[in-house]
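Next come two complexes built around chain A: one with chain B, the other with chain C.
This part shows the complex of A and B:
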């Protein structure tokens, strides 16, 4: 098998590197946008006004309860038909993954905010903090600590599900594996490399999540 | 002029009227202990003064500022520091950061100045060596002493203490009460809700006895424990129950 690996050309390796770049690019951009969207939606979900707090559910629930691949096809193949919006594969992938990440992230934000005991808010107010100052200086740092491990787990998951973008003709790591398999006819070797590359990115992140979880953990 | 004027306030939670057309003044000096059976509106009174509860009717004026005007709440809360029954340190911060975060962020006190003040207060509450501890490394009594120091960091004109020893064992309770006595000796104005009668006797200059949201008696401490307790059956019964 090692000899076979040596038979891979520089072009193949370059092809893989480019594909890793695409996977990382799609993932990083979409988790960045998704995090921003998720924060906004999660905060709105915490509104005391029941109507306002329910609004994000219109966005969150459909995305959390449908397969990502369907969402991706709707964006890429569906939008041109119903709204005459034609997106290239990369834009469709980023938009879909961002919205999908945002939906899941908003739930993490909502849960983290709700996990802060009411007395923490009151203690801040009693010291003279206004709503904004209380949230920024007292509540948000606690929310972030509660959020970090779950967020990293979500990011790892989004990296892995980003492989679906290969189905809308984007050449990410999975698609590159598919193409090279067809060319070399060595599926075990090629998909083994793909597997290892995903693992090499994900595993350190999951270790980091576990370390951070221990480091930032606190009891109320 | 009184520092805190409570003017005909009514506060209800649903159908339960906790404070009923309640009025009282608190001067700019001395320690007032508020006594009374549970559920009689003592804590609600402190929370209304601090603006943590809105009043349904009437008004509370703190140093000339009305609590009904929500824009005044920040200043009112700075003037009236509050410590709660449950110890509520900010768990993500160590002791020193717990103390300095509010003066630095709200009063814009320079950090170095705030640290200096915090260390002085930690010394006063006997926890100078704990400045880098986290809340879960402290006993309940220590946490409560930190909470008192944290409230004092804002240089309040009055301190509202809401049953701050009721969740502590007797030993820890004693630690905290000693600190309160020390602060009282320094002339800090305090409104204290407590069931610690011997402590009230030692520290208070005035005793307010509440029942069902109204004042049953408002008198100097000596009068309360000598004259009134024999005349007022309700107070006598309350004191006997507390002692037993």
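This part shows the complex of A and C:
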């Protein structure tokens, strides 16, 4: 009687596509915001004032050293109770993942800026650049170049980590796989498809990262 | 908005029980991931093309698919083959397999960092290939790889928090129960978040202290 449900149908393709759309949407939005936050925090981290440079640590360290799933639950289940901020699952996922990406990205930015030798700054000043012009024209291009491979690796990681949002009831690729598994009772096949889909998105990116890493590497 | 952490003291033993499972799972996965990481690193270092390909495919596959799907695959997929899975064992297995990929990359870069002179020297002293690896190359490369390995272990502890989704009562799982029982999720989760922070800080402190003792420059 229920055998008709056990088969994968043509419509399940659309279900998977919708789920991929959700995964990509969450990932793209959160890495965009995360990159912006990361740049701001990373630049503040490089301040010469020790107090100012320590301020972002209050934000960075707890987010880097705790599980993402706890952070997600905190925003999704915790905030409505304590502060009456009711977020739907998508908003909670995007906010948490953005902040999480921002924390990791700011460390990358900080390290990249620190990796530029001091001579570069001095040479810029000697050529008559002001502080801002120096940063914009000499330091920033080199920082960006150093940043790209690490950033892509982080983005790939965030794509995979975005699967955690399935635990707060968002229908992303992982949740879609779970739902179809429960319906068809064929976990091997369904999770195989999910593996393949994730792999197809993420593998080209990781190849790109490795290629850029070789291309971008330079000695001062 | 008010915060009240007093009720947590009643649930402290329960959370501690959860933390025990987190530690057990992490250590089990650490051991498994380390052994698998060494094996895969050796496969990737070998001259045999098939072994090399298998190693590379293993690493690429694990790095490019989410841990959660790997966990579900093992937990829900293995019974289809007739292997009945215990949640804790599955969690250790999944975490160990997942962490073997970064471990392999780290150990491999450690092996590649050992200079050729070490091999030549030990051959000149009459060591065989296996003895060279066992007594000279391996200890040196492990010392080189110690720091990234520990940061990978910290990552593993943090990732282990999602195993509650296959009904393991680890720290995150018990905190979910406590949050549901007390209806004060914010306090519970922020406490757990800080507990994980403290735990990782202690771990990284210990690893730094050990690293200072055993680190070498070639």
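Just so it is clear, the second predicted complex is superposed on the first by the 213 of 220 C-alpha atoms of A that agree within 3 Å, B and C clash if a C-alpha of one lies under 4 Å from a C-alpha of the other, contacts with A are read in each partner's own complex, and residues count from 1 in each chain.
Just so we're on the same page, contacts are C-beta pairs under 8 Å (C-beta built on N, C-alpha and C of every residue); 3 or more make two chains touch, one makes a residue touch a chain.
No experiment lies behind these values; they were computed from the predicted model shown.
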Practice item. Name the chain, either chain B or chain C, that contacts more residues of chain A. Key: C
Practice item. Could you tell me if A:90 is touching chain B, chain C, both of them or neither one (first, second, both, neither)? Key: neither
Review point. Which holds for A:184: it touches chain B only (first), chain C only (second), both, or neither?
Key: neither
Check your understanding: Thinking of the overlay built on chain A, is A:122 touched by chain B (first), by chain C (second), by both, or by neither?
Key -> first
Review point. Taking the superposition as given, does A:164 touch the first partner, chain B, the second, chain C, both, or neither?
Key: second
Check your understanding: Taking the superposition as given, does A:53 touch the first partner, chain B, the second, chain C, both, or neither?
Key -> neither
Review point. First (chain B), second (chain C), both or neither: which does A:203 touch?
Key: second
Check your understanding: Which residues of chain A are in contact with chain B in one complex and with chain C in the other?
Key -> none
Exercise for review: Would you mind writing out the residues of chain B in touch with chain A in their complex?
Suggested key: 50-52, 73-75, 77-78, 81-82, 84, 86, 88, 90-92, 101-102, 105-106, 134-136, 150-151, 154
Point to revise | Residue ranges of chain A in contact with chain B within the complex | key: 119-120, 122-130, 133, 137-138, 141-142, 145, 216, 218-220
Point to revise | Complex interface listing, chain C residues touching chain A | key: 1-3, 60-61, 63-69, 72-73, 76-77, 80-81, 154, 158-159, 161-162, 164-165, 172, 175-176, 179, 183-187, 189-190, 192-194, 196-197, 200-201
Study note, to complete from the structure: In the complex, chain A touches chain C at residues 61-62, 65-71, 73-74, 77-79, 81-84, 156, 160-164, 166-167, 174, 177-178, 181, 186-188, 191-192, 194-195, 198-199, 202-203, 206
